[in-house]
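Below you will find the structure I want to go over with you.
Chain nomenclature is as follows: A, B, C and D, assigned in order of appearance, with residue numbering initiated at 1 for each chain independently.
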């Protein structure tokens, strides 16, 4: 019993932390630039395909792919910001439409290039680790540690580096920030690119434990939105509790009921939570 | 040497012009004030200097460089710092984080420790969030932050606004200290007494134009005209 | 408290003659640690032309936002026409007879001048029947409203291309079209040419015979010329209140405007 | 009156000469030409079954139903400024209501009742959803995301509730419309004639839509779209207006869905989902939102093109659609109708100058 419970909890934790990465990217783009990025799911998909392609087509190691995925997706993000998003600031609903158009196009490009069938990314860390109470797959343990490390690094970056502090300043008041010599346009481009890169990294990291197909992004897109909204957009750290609830509860419920039903219940729950507490579940004291 | 020169600047927001042909010059190393009642175009003048809005007509030149049409971050790089009327404090950043925001050139910056030297109160408050500061503390932080890049020209928009008399005195002393070190300052004020005390030359605006200017000593004696443009007595 | 004393000295004119239309009790608004409006008590009799002046950042617009219901009161009460309206939404207050004109004209840029006015006129007879035809009486009323004032633009044109002066006029007319008892006007002449300012104030003064007017205005000369009574705000607090002649002689007002320490 | 005044009218074009200056009136040309164009198209559409193949007419009939759906989206998005990413949930709900009712109760007239319920049901759901969300002050972008979730939840619910919906197999054997007056007459609509029903429904919904947007209610919606704060400061409660138009719109979407169910005879969960929800946005955007004719043109043209060309291009169709969406948002937010009206302005200016 304890064995099952621990396994279940670890599964939920790894899913939640992976979602946190993806949702953090979304929150950066939304919080910094007020852009609702519906291409986020497609960014994740591209990241997953990079990590599939690097071993399968180029014969290089998975780890090279894990490094390349955020770089490639980040570059795609920078280009999209430069040629599309830049012209749509202050047109919130139009960014929703444009990023959706980009998403359709990216997903179709993936289909054209690699077909619609699902790909499997071979597990780079086979085997399991005996944790005493339970035996748990090595890669999933790696995933937990990896996501935690990235999250800590990102938050430390915002807390401690000058660039991080400046980025937070741009979020809070872009006009006041430009009076401090900060180039809003460039900051926005970096933010969009790094938000995209996080989605790409998330997609690459989960690729070995999920099926990689062109439409895999949709669920993650919605789940990350819910994580962001549930946590609240006042603080980036809020994506962590948001993701824990969204991905964690879906994961635990799947043990008892069908995945589709579990997901539906969580979606409905989040919508109700949004109605009751639109500012998010995180208290204002967390805002940074 | 003339550091800043506005010639015949027209600017406004969406159609209507707020200022119509403002011309003024500021000599390096002086403190100049720009006075006038609410809504005569003082803030708009400052905004068109730093590039928050770009002039529809006329030129702004800084150290002989035409900077009309520059973006705020570009005029900042030229060495112009504006402390806006609303102070522009980042509410969820701490005092020390607020001081880390400005882009500084390492050769020429003033360290955060130096800023604390001007405003010891800020050091005590360094871990408080911007939103929790009082008006006076916010004003000190805003001025301190603007000093970080050691600007060649400091623009202050109503530094005394909404502050209690005791605090106004503190802010005034700080401005005088900075001025004594040789910084060029343009201060926009409604509080005439305050402004005349800290500056050596003043311009007075009405209806989007400069209507008179002179040394502050001359102006102090011209009570009749001061009343006309600045006072609340019926004319 | 000195402010209370100075406030009472100048108030002896209209107070007793007409019943009070708007009363605020200890009205306060805080933003974080900033107290934008602090403990403001107003008592505006029906039919008064009352102005609020004060330096930038004195809290005038914040006070208006609370009276109009676009900003919730942090503390205190608002009583209008005998009923407490504290906490009511903006549209509920309009329905009770408080209307406001914004400092920056808030128009419907894609709609024509007449459509803008018709929307204001129709607000009096709202219909949720999506198939109802436009009432020609409303069209006529919109035309009539426009004729009250010198308006030098084609009423059939979209408002986005209007001059600033015409936008300000339209903003004022729209706030009047909902037939309010109390009109809150936030700097109706800001950015308007000198000649137009005079005629606008003349017009406002005329309407104030039927309606109570509460005006924020930075042009002190105009305020002194037209107001029955004036309230002076500084740093969110009432520092003086009374007739124009009382205000001009009040030292504290001079200090607030010109500075002293 | 001077003797120099002369009017010359050739058809709708009017040339007036007054005191030496000449004016070419083209105002009437515009409206007359537009009416002429609409009238001609309607005639062509009425005669279409005699001209085109049955396959094409079938496609056209479905295109008309999607055009109704597009009008419903345009009412909320184009006119009231509420972007919905989940309108297919209501189209699909109407389709499923129709499907379930007509397959459970096999009365000839049941389809008509089905149409009514397929309007009322989604309208009610729309009213509740919008009412709750708007009165809680949910921001516009959150509303959009919730509608997106709604579409996904709806299509998943259709999968889960397989007892009623047939799960992933969907519902089959939904009958076409019919009327029965017991003992007197029974009439079942022949398959070929459904085209006319769809056409009449489209024209009807279009006219109702026109009436709505021209009503005082519609003007208020336009006001909300442009400046909600101001509408509120004039004494209107925007929540009520937005809720009502959303309910109307979801009702119309459901009605279109019900006709679709009756015509195709088969419905399945994707009908409620995300793909159709976003496709309809592209139709509306391409045609021109905030005009009623734009979405009709956009839906019809793109649906026909998709069915005729997507076989040739396969995946590139959606790729093109995605890029088109980006391009329109960036370059031409007013859509095809906007291009026409721009061309019209240019033409007018040209005529005025010559």
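Observations on the model:
One rule holds for everything that comes next: contacts are C-beta pairs under 8 Å (C-beta built on N, C-alpha and C of every residue); 3 or more make two chains touch, one makes a residue touch a chain.
Owing to the predicted nature of the structure, the values given are computational and were not obtained by experimental measurement.
Touching chain C and chain D together: no chain. If you take chain B and chain D together, the chains in touch with both are A, C. In terms of the distance between Cα centroids, chain C is separated most widely from A.
The interface with the greater number of C-beta contacts, when A-B is set against A-D, is A-D. We define each chain's centre as the mean of its Cα atoms; on that basis chain A and chain B are separated by 43 Å.
For this pair, chain A with chain C, the centres built from the Cα atoms lie 49 Å apart. With centres taken as mean Cα positions, chain D sits 35 Å from chain A.
Between the Cα centres of chain B and chain C there is a gap of 31 Å.
Looking at chain D, one finds that none of its residues touch two or more other chains. Looking at chain B, residues 91 sit in touch with two or more other chains.
Residue positions of chain A with contacts to 2 or more other chains are absent. Arrangement of the chains shown, judged by which pairs touch: one closed cycle in which each chain has exactly two touching partners. Applying the touch definition to all chain combinations yields A-B, A-D, B-C, C-D. Partner chain B is touched in their complex by these residues of chain A: 162, 165-166, 168-169, 172-173, 175-184, 287-288.
Across the complex, chain D meets chain A through its residues 81, 83, 85, 132-133, 136-142, 144-146, 148-150, 152-153, 156-157, 159-160, 274, 278, 281, 285, 315-316, 318-319, 321-326, 329-330, 333.
Chain B makes touch with chain C in their complex at residues 12, 14-16, 18, 37-39, 85, 91, 131-135, 158, 160-166, 168-169, 189-195, 207, 226, 230-235.
Per the touch definition, chain C reaches chain D in the complex via residues 68, 70, 89-91, 94-95, 99-100, 102, 106-111, 115, 118-120, 122-124, 126-135, 138, 174, 178. Across the complex, chain C is touched by residues 208, 211-212, 214-220, 222-223, 226-227, 229-238, 240-241, 244-245, 248 of chain D.
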